[in-house]
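Which chain is which? They are A, B, C and D, in the order written, and residues in each are numbered from 1.
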């Protein structure tokens, strides 16, 4: 089966998730520009959730550039990823409301872990479809970035119950790693041309 | 007419339906990880509705892989299916709120029946367009899965007013049957290649 | 310019509009199946708005089947149509809340008129792009259905302030006329094959 | 990489943003047509936000007509634009609620500036990908419209704290300039055919 419709569905779901926290924003009650600051925690939560979901979209976009065939397992691996992604807005909202406390930080890390694990499973389901000498295997390689992220997230989960700020530092670090989309994929695509 | 735009529209509607219950989720009031449990019935309802809608998306995706021509009747059969699917989030929400009582269980089964019947009608409208020796007819065959589902749902509707838990067991069983997407379609596609 | 992206955008907007009233539905407070009746006016408004928007989607789908070239004017004519369509859910909600009174019925007819006029303008902007001997001109012909609808709506607007029920009868009649998608288009497409 | 998926994702996000203020509209409490006027500031805010987002969609549509290759930087430049666009509904809502006061007017101008700057950055990221003699460079030319808009917005930001109505006049003027989609692009496309 071709991946076009799976990609289009993914884009639709992510378009909703990336904008869902806009619905939480309310116009401030006052008339001064500084009154925006009343909404600053919600604005910040919106920005965080937006960037986070965008990172996954960009990486999904890059990954699927070199995938031209999928099967039923891929569809479910992808839906599994969408499920975890769909929880990031609400996890971000809790973090924005309650601040850097054990509960919201741990919940946030669990959602991030869910996203990372399901993204890895999606990658594996694709690798299973392709032969090892393919572009995909070459582009993903040993997936050091993926393994590193998982290690960071597990550490962040442990720290959440001790020093929550360390957890935040850890997952912001992971976000930065992924912010740069998968250059390996672009390299393979260029070689291919 | 070609089915591309109908599929894209279906994907858009399902992308909304699959995420609509996210809007019901609220950040917990407390700061402990265990405070998530206050939201557990809503989380569970979200998961149930997500899986349910996803099953239909996966099966619709499989079905339309081998359909390359549609007519006006197909469009309306598809919109009819979307209408019933659009009621599943609200039916799930009632089930989540009220628990396993006659009312919400019966309503849930009615929505499931509506989805199943309208999916069957969509299949029939497609079969009417194609000749009997086509791949589609071959892939759908005698539609034992579809007929079995309808029988289970009718039984579930009757039990809703007597022992609602039996109804729940019945429709969970149907969900499991459909969770595995239509292997028959994949088989036909492979033969075709 | 090609119409593909305009169609995709239209599908996205209509997918949202067709499901937006789902957000108004609330699970009933009780545990009996009959408690659904508490929500019956909202359910009915949802069904009405769903069918109405679906009719436009089906006709837009048919119309654009034979259009392969658009210009900037077409984009704005299409956005104008989307604007009026986007008001149908709220107009339906008022009708559902307040019942068949002058205010909501007149508002509903005004929105229907807006949709009908903007759809006609979209058709005209397309005809201006194509030569008169084209398939499009042939398929649309003298647009009797369009002219009849406008006449019915104008009558319905007048009756809204006298006998609102007559208005309702008039616009339901128009809906029925359009429910059957444009057979003329299908005929042209078949001749073409 | 090809731009198709980026365009589709953009369409999905803009489809949500353009309709998000519909959710703010409530049916009036009364039964008279004139009761709509109770909602007039929300209706006006909806119309303004709709037109504003539509202008960006039309211009994005035109711009991408002549772009057939993108890279990772383009994806992020585009997401950056979507972020600012996603703030226009809430900025419009504040303006609608509070009226022409310093605070909401300045906030509105800041969002408009964000959109204009990020659109310019998107254009630059595309120009960097293409050689100077390409159609794109030719179509965009010296980007006088873009530079003029930025100048108007900066002036509007200054006036917001002195005479807010002048700011409104300035950004309405910019909207009118852009309302007419980029004829330069259409000209190039026509020459190309």
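Just so it is clear, a contact is a pair of C-beta atoms (placed from the backbone, for glycine too) under 8 Å apart; a residue touches a chain by one contact, two chains touch by 3 or more.
What you are looking at is a predicted structure, and each value in this text was computed from that prediction instead of being measured.
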item: Turn needed to bring chain A onto chain D - CA fit, degrees, nearest 5; value: 90
item: Chain C against chain B, contact positions shared by both copies (same if over half, else different); value: different
item: Between chain C and chain B, distance of the C-alpha-averaged centres to the nearest whole Å; value: 27
item: For chain B paired with chain D, centre-to-centre distance based on mean C-alpha positions, whole Å; value: 38
item: Residues of chain D whose C-beta touches two or more other chains; value: 8, 12, 15-16, 23
item: Sites on chain B touched by chain C in the complex; value: 1, 5-6, 8-9, 12-13, 15-17, 20, 23, 71-72, 75-76, 79, 82-83, 86-87, 89-90, 93-94, 96-98, 101-104, 106-107, 160
item: Complex contacts: residues of chain A adjacent to chain D; value: 7-8, 11-12, 14-16, 18-19, 22-23, 25-28, 30-36, 47, 50, 54, 57-58, 61-62, 64-65, 180-181, 183, 186, 189
